[in-house]
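There are two complexes below, and they share subunit A, which is joined by subunit B in the first and by subunit C in the second.
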Partner chain A sequence: MTAQILIDGLIAGSMIGLGAIGVTLTYSILRFANFAHGDMISWGAYFAYAASALLGLASTSLTTPIAPFSFGWSLPLATVVAVVLTAALALLVDAVLFGPLRARRSAVIILVMASFGAALTLRSLLEFIFTAQPAYFTDELQIAIRLGGGMRATPDQLLTLALAVVVVTAVHLMLTRTAIGRSMRAVSENPQLSGVVGIDVRSVVRIVWVLGAALACVAGVMAGLLVQIRPQMGLDLLLPLFAAAILGGIGSVPGAMIAGLIVGLAEAVAVQTIGAEWRASVAFLILVAILILRPQGLFGRAA
Partner chain B sequence: MLDLFAYGAFFLTMALTYATICLGLNVQWGQTGLFNVGVAGFVAIGGYVSALLTTPEAADRVGGFGLPIFVGWAGGALAAGLATFFVGAITIRLRSDYLAIATFGVAVAIHLCVLNLEGLTGGPFGIGFIPRPFASTAGDPSVFGALNLVVMVLVVGLLYLFLERLVRSPWGRVLRAIREDEPAALALGKNAVRYRLEAFAIGGAIMGLAGAAQAHFIGFIAPDNYMPTLTFQVWAMLIVGGSGNNRGAILGAIVVWGLWAVSAGLVSAVFPPEQQARAAALQIVLIGASLCAILLLRPRGILGEVSMVSRHLGASPTQIAPATERQNAEQA
Partner chain C sequence: MTRAPALTTSALVSGYDRDLPIIRGVDLKVSEGEFVVLLGPNGAGKSTLVKTIAGLVPVHSGSVALRGEDITAAPAHWKVRHGLAFVPQTENIFGTLTIHENLQIAANILPKDGRAGRIAAQYAMFPDLGLRPGQRAGALSGGQRQMLAVARALVVQPSVLILDEPSAGLSPKIVGEVFQRLKAINSTGVTIVLVEQNVRAALAVADRAIILVEGKVAHEGEAATLAGDPIVAELYLGARHSAATPVVSAP
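The block that comes next holds the complex of A and B.
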């Protein structure tokens, strides 16, 4: 029972963590809290859902489950397509909305407000296209395997956990070891100065959107595979994402991931002890606590 | 003809309850620059507290205290004001978008509470039988509608006069000074945190009052009335009308509520019944796209902010404006 909380928490937490990395990157480099990030998660999931369904129409062999998982090759292929489409969507929103506002040197809070408007527009569009009915990648049922110590997990769950670890490690290495990562960190420190030393700030902004959207899409596919796909899924994740990004310290990728796991574990504990209907309050309580006690977050620097 | 009048009165009364929320948001955002994404939560507090105070005693939940309606209104405003005060006390010192995130969280938490605290709020089924003003005239829709409209016109009118006085008072000037140039205001010895907190709480109390008024006008409340869509509509109203301008807040509420009603009519006329829930999502897309378009194309809204000076200065606002622009240019 108690060991199962660990598994449930880690799985929920890895989805929150992947989303929170995108939030923390846009926050530290573009300098605003992006309320539309949750809806990138939903759009990523629906892109993958649509692509997977189309692939399934093209060839039924693609939808036959790959043992021991519940999905066929159409889902991994669709995820690749969805990552590209979600990144394109993020770049489109930036080109139409945030880019012009930045060019006009609008106040931070105007960008936040615009992201709030974009969030509801994107979500309602999804609701119009796909209706509010939940959708699923697959109808297959999976039996959880025993992991010892009373813990159980389905193969799908274990796969998504492993995927999260690989993705986060890759993003961390990219930020710390590559030239792109160095320019991103430089822009996050000081955009004017990094422009002066020859860093192309615009391409860094594009990379941030692409990276954030790609991670959001992966998180969306994971949530869609393990839970369900709904237009509201991104909105429901938004508060945990913000809580994790602030708890981890704005700008810190490992911080966002660890804090995501903390939020996920705390939610799992609350679901077991208080009841599932109060799950959403956990992220709020963590958020309030961190804002009172340590606003710079666990791994952040004081402003 | 009478139907049309009753509908017109209903439409305007609803628009004016939104105008009240909008006036509250204008104190927070328009005058002070505080970004509140939890409007729906504070409106919900006003509605639920007022409903709790005024409904007749109910067997399946706490209260119904059966108090008069105006006690409910005052209680709703007070409770929402206190709630905003506490939220502000935690977050107002922090970066401006932390306030946005925190208020968003508050709205989620309040929605969760009204949904789950069934012994207090009736849970997902909400609270019914909220006493409506002039309920004795309800048999005649046009009289009932007209009397309720008069009440809302009075509320919005009095609030407008009060807020216009407030923004022109020394207190209002300090607020704008802090919004425009905080270090300068601090250097003059103004306690920026305290002023912001006061403005935030006053705005919250007005939202609570609006929530109470809305609850009593409709007579029924449920958690689904207080979704982020409400917050979003109110923001669109303020931005369209012109933030920083109280008349703009009222005008924006009527314009956007009108757009909302017209688009709802179009949806029900154009789409077949089984597609209507889906098509209703297009209404939100429309409002969202127009909010973004206004931010891009005409950030000051229809009316925009007018520069205000103390009436004791005697100078006309147009003469003052160039001087402040010059100061801004020097600082930049």
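The block that comes next holds the complex of A and C.
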């Protein structure tokens, strides 16, 4: 074991954590496990990829790397565009699929199966439009910086870690300190009473979709920047996302982030000690263990 | 004395299941400033009636009007924004939120500059709540929960306040206190519709009583008169235990 595991784990964990926040919010407010959330991550990455390419065509100066990072201004700008587009996609899926099912008071299993269908459709569409070939935001190579203690990380990796911390803090403050956050917690506890006290539950549901999709998009851009962009990238993250959301306790934003880091670190340890082919099984083991030992998660309230 | 109608229903039919109406043609007329108690045996549909009015149970036919305006199809959150506040019987507060957050959520539909004042007014009316505003509401006692639920409903200064058995599960001493509070609220001009099992206590504070049986209005009259009515006494006030189907006439 080396100290490098810590860096690898934290970086993978921050992406898992951002995705898991979206899963935990939709789970606690819409009351179903949304398996299409992974594909929101992929779509977010591809939206940013397409927007970044278009911006690069408009002006080559936008693709000149901003030292010390590997990308130019086109990527942050494209991420803003992609966040808006991913949120719009989530609202569209809700309007045509989940909304009508909710209106019909469909059973949870129907919503879950519908999300499977949405996941397959969204992924196939990506393969159709962009092919299954991996894509990259940038061709620039990056040299890792020595951080001391035998740890190294690229500037891109450090930036994504910092961004994850900022985003999670912002979402946590929004949930605990603002009126919108209070409304979301209220709907999560009791949707019927929420209506009675004057909360428009449908608008809260829309906010949850927008927020979850925006976080998924940011996670997708990070994964695309640090690894590569593939239509399968969200699917590969799905199991770790759910492991983190459940480990953290459904509905808990700090829980999802901390659990995401735990899952990321556990994966990094497994890769170093057992072998990379066992990476995916770690999330599965964590998921099974938490469901048996502490189903309410680390920060969840007991049912 | 004729007062403007605060809340009316006409030929109201409602229920969770389309094929199984629970409320079967109710005409209700509650005037501005009136204190009305809804009585009736278990399963008569008292809770379903008030939940229908609050927008939580689907209306099959008929209509509901608030101060003359038709609100039959309006969603629950719209109704409270237009002056109709409802306190459900159970799960009527957000247990995971603090006392203060429960009141803030209710105040959110008010103009920004009026919110703090309305919350402060509730703390003045219910001093117990003001002692620990940061406490999780789930940790409150039964009586304090009801106080918070009522305070939450009053934050928005409703014109009509509907309560579904606020005395359920409370000790007689606390019930008396809750009812005195309701009487005080009513005296400030708020119209009150109260669903109650606790008949004697309710008739003592209400102006008028409506008795619901099998989803229909079976009897109605002045609270004082009903309290002394031998038929009502026999059927609902426990003068004689009887399981017979109520045969009651209009007053």
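In the analysis below, the second predicted complex is superposed on the first by the 302 of 303 C-alpha atoms of A that agree within 3 Å, B and C clash if a C-alpha of one lies under 4 Å from a C-alpha of the other, contacts with A are read in each partner's own complex, and residues count from 1 in each chain.
Keep in mind that, in the parts below, contacts are C-beta pairs under 8 Å (C-beta built on N, C-alpha and C of every residue); 3 or more make two chains touch, one makes a residue touch a chain.
This is a predicted model, so every value here is computed, not measured.
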Side-by-side fit of subunit B and subunit C on subunit A, or clash: fit
First (subunit B), second (subunit C), both or neither touched by A:Gln296: neither
Contacts of A:Thr169 with subunit B and subunit C, given as first, second, both or neither: neither
Vertex subunit A; arms to subunit B and subunit C (CA centroids, nearest 10 degrees): 90
Partner chain(s) touched by A:Thr178 [first = subunit B, second = subunit C, both, neither]: neither
Contacts of A:Ile199 with subunit B and subunit C, given as first, second, both or neither: second
First (subunit B), second (subunit C), both or neither touched by A:Ser61: neither
Partner chain(s) touched by A:Thr2 [first = subunit B, second = subunit C, both, neither]: neither
First, second, both or neither for A:Val288, with subunit B first and subunit C second: first
Superposed arrangement (fit on chain A Cα atoms) - minimum subunit B/subunit C Cα distance in Å: 5
Interfacial residue positions of subunit A with respect to subunit B in the complex: 32-33, 35, 97, 100-101, 106, 108-110, 112-114, 116-118, 120-121, 123-125, 127-128, 131-132, 235, 238-239, 242-243, 246, 277-278, 280-281, 283-284, 287-288, 291-292, 295, 303
Touching residues (chain side subunit A, partner subunit C) in the complex: 179, 182-183, 185-186, 189-190, 192-201, 301
Touching residues on subunit B, where the partner in the complex is subunit A: 33, 35, 37, 90-91, 94-98, 100-102, 104-106, 108-109, 112, 115-116, 228-229, 232, 235-236, 239, 277-279, 281-285, 287-289, 291-292, 295-296, 299
Residues of subunit C touching subunit A in the complex: 54-56, 75-77, 80-81, 86, 88, 91-97, 101, 104-106, 108-109, 152, 156
